[in-house]
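Each of the two complexes below includes chain A, the first together with chain B, the second together with chain C.
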Partner chain A sequence: MNAVSAGGITVTGAPAARLSPLARRAGLKTGERRVGWLFMTPALIAFAAVILAPFLSALGLAFTRYDLQTPNPVFIGLANFAQIAASPEIRESFVVTFVFVSLATVFTIVLALAWALILNQPFRGRAALRTATIIPWVLPSTVSAFIWAWIFNSRYGLLNAAMLEMGLIDQPVAWLSTSAGAMTAIVIAKVWISIPVTMTFFLAGLQSLDREQIDAARVDGAGDFAVLKDHVLPHLRPVLLVVVVLAVIGNLQQFDKIYALTGGGPVRATTVLSIEVYRRAFDSWDIGMASAVGLLWVATIIPPAYLYLRHLLKTV
Partner chain B sequence: MANMNRRQFGGAAAAGAASLAAGPAFAQGSSISFISYTYAEEPNKPVFQKVMDDFKAASGVTVEPIASAWGETQKNIMLRQRSRTLMDSAQLQDRWVPSMATLPEIVDIGGLIPESDLEAALAPSVLSLGRVGEKRIGVPFVSGSVGFVANTDVLKKAGVDKIPVTMDEFRSALVAVRDKVPNSVPFAMATKNPSSIPLDVLLLVWIFNGRIIDDSGKVVINSPEGRAAMSFMASAMKDKLIAPELDRPDSRRLFAQGSAAFYIDAPQARGFIRSFSGLGEKADAFTLPMKSPVLKQGDPPRSVEWGHVVALFKSQKPIDKGGPQDKWVRYLISDATQTTFPLQIGGLPVTKSARAAPAVQNDPFLKAWAEATGVTMKHEIGVWSNAPELSTILSEETQAALLGQKTPDAAVAAIQTRMEASMAKRG
Partner chain C sequence: MLELSSTPARITFGVFAALLAAFLFSPVYWLIISALKGNAELYRVIPTLWPHEPVLAHVRTAFERGNLFLNLKNSLVVSGGAAVLNTALAAYAGYSVAKFNYAGRRPLMVLLLSAQVLPFGLLLITIYPVMARFGLLDTHLGLILASIVFALPVSTYMLYSYFSQAPTEIIEAARADGAGEWRIFHTIILPLSIPALVTVFLYAFMWSWNDLLYSMTLIVSEDKRTIGPGLLLNYLNETNADWGGAMAASIVASLPILIAFAFLQRWFIQGVTAGAVK
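Take a look at the complex of A and B:
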């Protein structure tokens, strides 16, 4: 008995002479796969040129000495990593990054969810308010950073002027010159910018919430908190997971707003890993060390990125 | 192009091909690129544009300026070097020269202009600007020193009728300004930017008769003098005699607007103050170059050597004697430039002939600046090739002391330890 395959379908008992000469041996799926690869090629080339090649280059440079005194990279093994382990300044950058990412992520999630719940209620002017909410996200991030820098400025700042006017302080406060003040400022600026897009995720999730289920819960005597805890949050769980992971990744990658607002200071109070890499690379011109710190920085981004990708692949 | 016939088009194409075949110099015409921070400063931009225009009229060479903020210029040069897109020439701050000298593309200008020619033309005090060892990396075209400037209007308001001579008098004047001039920063010392802080710290350490790094490369800041200087700065911050979050441009604005009595700057301060005050030349009436305060009577006033130099890079264009780059360097130190340009931006000319010119001799501000200079020393950090890292260390630890995160002694000890490690790594 003959068995032939064409287009992924196996036909048994068919005479061999009836097989079309155009039929491909590998089948339709393989053909589709080839076309798929063809379509992906431009993106893969761009990825290789813009992301993979620089990453591999940085990976290699992390094991070299490459600074002003050494114009060409010299292999030094793990010396840069040993120096990182021994450097209290770089270790401090990991702590600062952890604090910033934690605060910015938590406040963004909580406030964006609260705002989404408000904007999900029917009220007059809701559409206008929803539109206005997007403004911080639309603004270029450095513009936002400079707005906040002006607000917090010790001499001309809006915050000091308002607080002086209200009698809350009797002389201007240099907010950005204390560690806590500078950290608070960059967290506020980042949260302000992140709320719109995070809120949009939540709002989209809330749109699909079954109103009848909520009404039934209310009839059963559930209060606001019970509705939130037992119905809204479980419904938003998949959205919440994605939003938390994306927020963590985004906050780990944060650079421009922090650099424009505090430059990583005062001293090193807001020197997160991205700023540390920049300072090593473009202030001290120690490219080898910057690459080594950058590699560790990427390592911190991999776990949330893995979680996000796994979630995406599961849901596709 | 629309009216070009086939023959004309063919001719033009052939000419284009020939020019490309002849090499970049012909294809790109007689022009050179030049990165400049003076050109990026709004008050000085037209002044520098005129220099370039006059140069073009005199030589036929076009200078294509690349404006770059002072604080970004080193980064721009380094990034272009790494991406192999270096410009042909650059304006450098004199203290950047040792770091830049490590670039393989930097040109030893001694091959174009013999040192003997420079010795004949330039004032002896500026000859060391731009030199690294035996190499002539940069040719100075504006000189001066970094020292103290006093705002006499603010001092009058505070009831201070005498420019302070000693540090005790200086502190008393600061207290008077703080108490009698509302919302002022008595001494607008740079406290924010790692590029600006070291200069002010350096000057204060010298005033207290200390050093940061000695001539042999030994870090020596952890001394009674170094600790005393840091204690002065920390106590000044605590007593609101200096303020956080100030960079040099902020200091200039505060001073120009009558909100600061003293700050540290180069002689180009005059140009900034004229511009930022909105008063033009009238601002000269309250802008007084002063001798740095001294620890005790009889100590010499201090200032830091300062200047702008022009450097050349091996780019795509050949560098020949008599070529565009050579002409550009020579033009910047010619009488045509030196008798006008440095004065207009508030600096001193570098050539002997220009310094002898009546316009320079009779300029009251420059005369006062020269009299106030005292002992001028090289920037102790800038002379080392690891200067960027040393500057970061000095800035971070000074900020830590100023903001009360570390005691002055602990900050000085940390500077010592971290700088020693940096110098050891430098080898």
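Take a look at the complex of A and C:
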């Protein structure tokens, strides 16, 4: 009795409806399982082919020598990891990644929260401003990199011009040629790109703010800052967790904008792990080493990822 | 929500608002006016704040130089294909988890979602040789298939959230009338879900359109190149930086995605945040 998954034939449906509820329930269950899996299968195949299998094979390749001189992977145990531990270059990538992720995440959260609070106030043109806010986020990676490279340009850049005019510098600075300048540029660019979507999360959280509670606090004489500190921020706590975790994951994974803006340079000043892995794999074709660094990279993502997944799972 | 209580507070607030707005929007403004300035006006240490003599020369050269049209066409094929494929896969999978009760659906969802945290760059290391083995390297089809990586997990989750809210009574009623699951999904559920499907389509389209890493690695031939790497390789090679052209071409490359968002923003925002903010 499989009226459910047999499908499409009107006649089989009528008697099914007349069956005892219990029998129908059982029939539905087997059918449900089968059809459920059937609907799931295409996504699972795609997932296995382009996500799971590549990940597992990278996992395996991390323990092999597999480079231009070694056309077939040779198992070498932990040798790649020993080499990583001994390499000041790769250790530096971890430091650079840490600096980039920390700065980008903190500034993104603070500025996005401020922008969400601003856009939550009633004023004319607010709807248009909210719509326009999304722009930095949807621009192609190359385009946002171009914009910031042009602003940071050593000879004709807006930044130099503004700082010269304000008397902050005496002569133009080649920002992208200095370690600190290049790091500043990629952090600013990434913050600029991330504010819109982060702001959206905060704004959604603010929608459910309890007005009456705030009005009551106002009557009790609470100032603006007290309302913010005692009512608004605590209310945003759950959103904050999601947003921080997503920002950390996103920043850890960032490749496109950094690559297009600085290429990881000058020298290795902005070579975060994503760029390190890319260079090892596609510039020097050292697949074993690239996989090993990649594996450590995944390890850095696991803690925030765990928090994120745990949050999402509450809703599944 | 927060009526500010004093004038100084309002002024401080206003200053912050203005500074943030300047940070968010002045780069976009700078992009546009830089594209409209002639070279004489563009290359100045202290720049003009608006184009005193606006010219369209850069827009013209952007189209003449380096296959901009071809890059756009290729991007349209790849992003369109990737978005269709992604939306279809996510729709079936999301519906499966939302409306069918079977053991294993929860772990499956976890598995799919966990993929979102795997770095694209790491996956690419082994996607590359697989594409090469199947002759898909340097083809649009290969890039489309690889693009599943970007959006499938979140898309599936978004559609799962949406389908969960679809009334089960309709499905039950259709089942009682003898409609098969396949037909129920395609003729009843999907038409009811157009906003969610559009959102997911757009999300996947955007990821693919804006990608640089996969499209510059998996596509080698110039005639197959998409817009991201196309822009990067056509402009700003160390020796010959054509900033006016780069800005004009950037605007052209961004327009399709901006126009789509202008129309669909409301749906989109709801879709993206629905799952995360509860």
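Methods note: the second predicted complex is superposed on the first by the 276 of 316 C-alpha atoms of A that agree within 3 Å, B and C clash if a C-alpha of one lies under 4 Å from a C-alpha of the other, contacts with A are read in each partner's own complex, and residues count from 1 in each chain.
Keep this in mind: a contact is a pair of C-beta atoms (placed from the backbone, for glycine too) under 8 Å apart; a residue touches a chain by one contact, two chains touch by 3 or more.
These numbers were taken from a predicted model, which means no experiment stands behind them.
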Chain B or chain C, by number of chain A residues touched: C
Just checking: does A:Phe282 make contact with chain B only, chain C only, both, or neither of them? Give me first, second, both or neither. both
Looking at A:Leu111, would you say it contacts chain B, chain C, both, or neither? Reply first, second, both or neither. second
With the two structures laid over each other on chain A, which partner does A:Asn153 touch: chain B (first), chain C (second), both, or neither? both
Considering only the touch criterion stated at the top, classify A:Ala43 as touching first (chain B), second (chain C), both, or neither. second
Classify the contacts of A:Lys190 with the two partner chains as first (chain B alone), second (chain C alone), both, or neither. neither
Please identify the positions on chain A that touch both chain B and chain C, taking each partner from its own complex. 153, 155, 282
So in the complex, which bits of chain C are touching chain A? 1-2, 4-6, 9, 13, 16-17, 20-21, 23-25, 27-28, 30-31, 34, 42-47, 85, 88-90, 92-93, 95-97, 100-103, 105-106, 108-128, 130, 145-146, 148-149, 152, 156-157, 160-161, 175-183, 185, 206, 209-213, 217, 227-229, 231-232, 235-236, 243, 246-247, 250, 253-254, 257-258, 261-262, 265, 269, 272-273, 275-278
Counting only contacts in the complex, chain A reaches chain B at residues 67-69, 71, 153-155, 174, 176-179, 263, 265-268, 279, 282-286
Of all residues in chain A, which touch chain C in the complex? 3-14, 16-17, 28-29, 31-33, 35-40, 42-44, 46-47, 49-55, 57-58, 61, 111, 114-115, 117-118, 120-121, 129, 131-136, 138-143, 145-151, 153, 155-156, 158, 160-161, 164-165, 172, 192, 195-197, 200-201, 204-206, 209, 211, 214, 218, 223-224, 227-228, 232, 238-239, 242, 246, 249, 252-253, 255-256, 259-260, 273-274, 277-278, 281-282, 287, 290-291, 294-295, 297-298, 301-302, 304-305, 308-309, 311-316
Residue numbers of chain B touching chain A in their complex, please. 75, 78-79, 99, 102-104, 183, 192-194, 243-245, 385-386, 388-389, 392, 396, 399-400, 403, 405, 426-427
